[in-house]
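Take this structure, written in C-alpha cells, and hold onto it; I'll ask about it next.
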C-alpha cells in the first residue's frame, strides 16, 4: 500500500475532498500544518525592502490506498489542488507495509 | 439646570459599554474570517475607533452637531471643541463633553461595522483614507440630519439610538464598499472562504456586543430614567426574540447554528435600535422577531446573489436598520415618543420615518460607493493577490494568530 | 417618590453586568467540555436567556411577583406586564420596568447555570421544553417565596441576591437533571471526559463572571447606596478568600490549578450572594472561605460518587448556595439586615434561613427531577449515542469550534 | 453631606470596570507568552487581586490612608477597617466602604502589572510572599504619599488616577524584579521566547483593558460630574492618539502590528492616567501621542539592552507613567486642577511633579529590588530549569492550555 | 524499524497511552488530526434528510519501534482503541530506515 | 528520496530553520505535535511525591530530500536541535517513493 501525503492550500481542501469522494475515495486523515517551499517562502515588498514570509499555513492530507490506485489519487489531488501560483504544495508517496482497521481488525497489505 | 449625577453616571458607563462594542465587533468579525485574517479584523476595529476619535474632536462633532446649515450639515463653529465645557447646555443634566464623548464612540463603531465589506482584502493605508472620508462625508451628515438639527430632525423622523445614522449607513456602506473592492479570491469556489472559522471567538464577540448594546440603546435616552429603563428592557427582549426567531426559521432548512442564534440576536438588536425608547414591550418583541426574519432572508438573498459582503454588515445592520426605522414609524407610541406611529393611525409618521430611512439608504450607498471608488482610483483599495493569499495578518501587520 | 437617577443608573448598568454573566457562563462551561461541545455550551446559555426573557414578560414575572396566592405563587394579574409602567411602585426610586428587567436576567442566568447537568448530551428541543417548565415550575415559585411575598418572605428568611432562588435551585436542579439524563458515554473510563479542555476560555469566562457578580450582588441592593457599596466590597472579599482557600486546600493533594483558583472564587461568590448586603466584611471573608472549603469537598465527594454533574453547578452553586443561605442566618447583622443572625444570639433567624434553604433544596431537586423525567418520557432528553460521539456542536448545530 | 446616589452608582460600576482589568491584564500577558505559560499569567493576575484584597482590608488601606505619620506612611488606626461605615466621611457623597473597595482593586491591579517581570519563570509561593511585601512596602507608601496625606500630597504633586502610585511603581518594580530573577532560559537566542504567541488573546485583553480604563480614570474623579466626563473623554483621546502614533512610528521600520497598535493605546492610557481630569482635550491628545513615542523608544531600548522584562510593564507602565507625571506638571490647567502647570508658567508645579515622579521611580525600583532579592535569598524566586522548560502551566499548576 | 501511525478516537488516547506504558512502550509522538473514514463519514438524520458528517476529530499516534516489537504495539493499540463503532480508526505501518536520538546522537536501524 | 521526520523542542525551531536555510534547504512542512520520550516523560517532585509529566509540546519537521543529502540534513538538525537535556527529540528517516510538486507537476524519485 501507499500513503499519499499531500500538503495543499487550505482553500483547496474542500475541492480536493470532493474530487476524491467523486471517485470513491473517502478515507483520509487531515492535519493542519504549516510549511515553507523551496522558494524560501513568499517575498513581499515593504518600503522598498524585501520581506520573506515563510512557514505558511497548509493542510496535509494523508491518504492510504492500495498500490494500483495510488497514481489515480495523486492525479486527482494534483489537478484539483493546483492554482499555478507559488505555494500550491507537494505530494509525497510513502510505502505502507500494512494497514489495519481498528474496528474490525482487518489487515490490508 | 445642574448636572444630574445619576444621568451622568449612567452615560459615563454607557460610553464604556459602547466602547466595549468595538473590540467585541472585531472579535465577532475575526471569528468569521479565515485564521490568517483574524488579527486584521480586530486591528481595523481598534483603528476605526482611533481615527474617528481624533476626527470627531477636530471637526466631526461640529459637522454633526454644529449650527445647522441648510438642514444638511453642521457648521464648523465647534471645530476643535472650541468653547465646549462641562456645563449641560446640550442635554439637560449631562456635561456637554460627555455627550460628545458618547457620540464619538458611536461614530467610531459605525466605521468599525463597515470593515465587514473590506474583510480579508483591504490595504491598510487606503482604509485609513477611506475611513476619514466616510466618517466626514457619510456619518457626520447623517448624524446631523437625525440628531443635530438637520432636515430629518426637523421633519420629525424618529431614530432613538441610531438605526439610520449607525446601522443603515454602515450596513449599506459596507455593501457599496464590497462592490467596489470586489470579491475575495476564491469566493464562491471554496466553502472555506465563506464559512465561519473560529466560532467561539465569534460567540464571545457577540456576547460582548449584546451587553454593550444595553449601553448603546439605554444610553441614548441621555438620562437614567424610565425611558432608559424601557429602552434596556426592549433591547433585551428584541435580542431574545431575534435569537429565537432565527433559530426557528433557520432550523427548517438546516440545524440551528450558534452563529445563526447570535446573528438573530444582533438582528433583533439592530432592529430595536431606532425604536428602543419609543415603543412598548410587545412591539419590541415583534420588531426584534421580524428584524430577525428580514435579516435572515436578506442574508440568504446575498448568498444567492454571490455578493461578497460576507460578514453581513449589510444583511444585519443595513437591512435590520432599515426595518427598524420603518418599524419605529409603525409602532411608535405617542405616550413615549411624543408622536404616534402607524398603529396609532399616524400615517404621516410612518411616511416620514420610511422616507428618511430610504434616503439614508440611498445616500449612504451612493456616497460610500463614490468614496470607495475615488480611493480605489487614487491609491488602490486592495492588497495584491499574493498578499491576500498570505492573509492580511502577515501582509498588513507581519503577525500570525 | 420620584425616580432616583443614581439608583436607576446603577440598576441599568447592573442589568448589563448580569447579562454579561450569561455568555461568561457559557464560555466558562465551554472551556470545561471537550472541543466538540464548546459551541453547544455557549449556545445553551444564550438560548436560556432568550427563552426565559420571553417567558418572563408573558407570565413568569407575574408568577414570581404577582399578588400572592396562599404564599405559594403569584397571580397572573401582571401577565404580559399589563399595567406596568415607568413609575416606581415596586421599589422606591427605580422604574418598575427596570426592576422587572433586572429580575428577568436573573431568571435567564439560573436556567443557564443548570445546563451544567445536561452538558455534552442534551437534545436541543428537549432542553427548550425543559427550560420553559423549569423556569415556570421551579424558578418562579422560588422567586415568589423569597422576594415576591411568598411564605419564606413572610417568615423573614433572608436572601440578599438569590442564594436560594438562583444558586440552590439551579445547583440542585442540575444534579437532578444529571441523574435523569444519565452519564456521558465514556464517563469514568477516560480522563478526557472529565478534564477541562480549554482552560484559557474557562478563565476568561470566570473573569467575566467575577466582574458580572458585582452587578448581581450590588444591584440586588436596588439602590446606589451604602448597602450596595457594602455588597460590592463583600463580593470582592468573598471571591478573594474563596480563591485563596481553594488554592491552599487543593494544594495539599496536587498542584494548585487555575481552574481550582477560579472555582474557589466562584464558590466564594455564590456563598456571599444571599448575605452580601446583610453582613460585615469579616463575616464576608469567612463566608467566602468556608464556601470554598465546602464546595471543594462537595466536588471531591461528587467525583468519588461518580456522579456526572461534571461542570459542578451542584458542587459550586448548589452546595455553595446552601452554605450561603445558612451562613446568612448565622452572620446577619441587625444593623444591616434589620434582624440579627445566630452570632447575635438570634437562633430563630438561623432556623428560618436554614429551613428555607433545605426546603429550597428539596423542592428544586424533586421538582427538577420530575420535570426532567417527564420530558425524558415524552420526547427523550438525550441525543443518540452516535450524536454524542460526534459532539453536540456538529449534532445539534452543524458547526465546529 | 448625604450619599449622592449618582456618584455612588458611578463608583460602584467603576469598581467593577477596574476589576475587569485584572483578568484583562492576565489575558493580555497570557497572549504574549509561550503557550505553556498562558494559564500561569492569568493565574498570577487573579492571585494578585485575591491576596491584595485581603491585605488591603487587614492593614493595607490603613497604611495608605490612615492618619499620616511623618509624611511617610499611614497609621494602623483603620487596620481591619475598624470603624469604617457607610457614611461619606472620606469623599463627599460616596460611602466610605466604596472608596476603600475602589482603591483596593487599584492595589490588586498594580501587583498584577508587576507579574510581567516574573513571566514564565516565577515560583508560586515566592510570588505570594513577594506580592505581600511589595504591596505593603512599595504600593501602600506610594499611595499614602500621593493620596493619603503624605509628603507628595502635601507638596501638591498632581496624580489624578495613579501615574506614580500604580504605573511607575509597578513598571519600575517589574524591571527590578526582572533583573533579580534573571533572564528566561533561551532569551535572546530564540525568537520564540520574545515574540507574542497568541495575539488574539492579547487583543482581547487589550480591548477589555481599554474599556476598564474608563472606570480607572473616570472613577478617580470620585464623582459623576464634569471632571469625570472630561477624564473619560481624555482617556479615550489619549488611547486613540497613542494607538495612531505607535502605528505610524513603528511602520517606519516594519509593518504596523496589532500588538503595536494596542501597545500604543495602552501607552496613551498610562500617560493620561495622572493627568486625566487635570488637562484639556488637546493636551490629552498630545500627552497620549508622546507617551506612545516615549514608550516605543523605551521598548526598543529595552530590547537592545537585552533586558528580559518582556511583557514591557517597564516600557509601557513605567516609562509611560513617568512621562504622564511630568506631563501633568506641564499641561495641568488651573481651571481644572486648581493649579496650573508649566504652560501656564508655573514652573514650581512642573518641578514638584517631576521630582515626585523621580522619587517614585527611585523608590519603587530600589525597594522592589531589595524585596525581590530578599525573597530570592530566603526561598528562591525561580522555578528549576526543567520546570521552566516544561512551562509554568504544568510545573506550577498541573494544567495545559 | 517501523513507524506505527495510528489514528484513533481522542477519547481512547488515555487508555492507549496507559496500555502501551504498561508494556514498556513510552516513546510516541501525538498529533491532533481529523479524518474521514471509508463510510463517507457518519450519517445523521435531520428532518428526514440524511446529513453526512465527515472530517471528525481524531488523535494520531506515531510510534517508532524495532521490527520485532511492531506487531505487539499494533496489537495493544488495536485492542485498546477498539469500541466496535464506526470511526475507531486505522493503523498504518511505515518502514523507517533509521531513527536518531537527538540528545545522544545514537542511531537505531 | 527520504522524508526526514524530526521531532524537536519548539524553542529550537527557529534555529533549525535558519541552519537548514543556510545550507540551502528551504522546503519543509511543520506540525505542532506533542510527545513522550522513552524516559516516561519528565519527573517533577511535588511535596515529596514524584509526578510524571508526559506528552509535552514538540514541533515536528517533515523534510523530504534526495537520498544523498539526507545525512547532511539529519546532521544539521541533530546538531542544531541538541540541548543535551532530556526531551531533545528524535529524527526518523522514512523512504519516499516519489515527490510531486503540485504547481508544476514535476515528479522526483
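In order of appearance the chains are A, B, C, D, E and F, and numbering begins at 1 in each one.
In this text, a residue touches a chain if its C-beta (ideal position, glycine included) is under 8 Å from a C-beta of that chain, and two chains touch if they have at least 3 such contacts.
On a predicted model such as this, the values are computed, not experimentally measured, just so you know.
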Quiz prompt | Chain hops separating chain D from chain C, counting only touching neighbours | solution = 1
Quiz prompt | B-C or C-E - the one linked by more C-beta pairs in contact | solution = B-C
Quiz item: If you average the Cα atoms of chain D and of chain F to get two centres, how far apart are those centres in Å?
Solution: 42
Quiz item: Just curious, how far off is chain E from chain B if you go by their C-alpha centres, in Å?
Solution: 49
Quiz item: Using the average of all C-alpha atoms in each chain as its centre, how far is it in Å between chain A and chain E?
Solution: 19
Practice problem: Provide the list of chain A residues touching at least two other chains, using ranges where the numbers run on. | Solution: 31, 51, 85-87, 94-95
Quiz prompt | Per-residue multi-chain contacts in chain D, two or more chains | solution = 4-7, 9-10, 13, 17, 204, 224, 254-255, 395, 398
Exercise. State the interface residues of chain D toward chain F in the complex, per the touch definition above.
Key: 34-36, 186, 189-193, 385-387, 389-390, 394-395, 398
Practice problem: Write out the stretch or stretches of chain D touching chain C in their complex. | Solution: 3-10, 12-13, 15-17, 19-20, 22-24, 26-27, 30, 38-40, 42-43, 46-47, 49-51, 53-54, 57, 80-81, 85-87, 95, 97-98, 100-101, 104-105, 124, 201, 204, 224, 395-401
Quiz prompt | chain E contact footprint on chain A (complex, rising order) | solution = 1, 3, 17, 21, 26-31, 62, 64, 94-103, 105
Exercise. Please give the residue numbers of chain A that touch chain F in the complex, ascending.
Key: 2, 5-8, 31-41, 54-55, 58, 60, 74, 77-78, 81-95
Exercise. Name, in rising order, each residue of chain C that touches chain D in their complex.
Key: 4-7, 9-10, 13-14, 17, 93, 196, 198-200, 203-204, 206-208, 210-211, 214-215, 218, 223-230, 232-233, 236-237, 239-241, 243-244, 247, 254-259, 261-262, 265, 281-282, 285
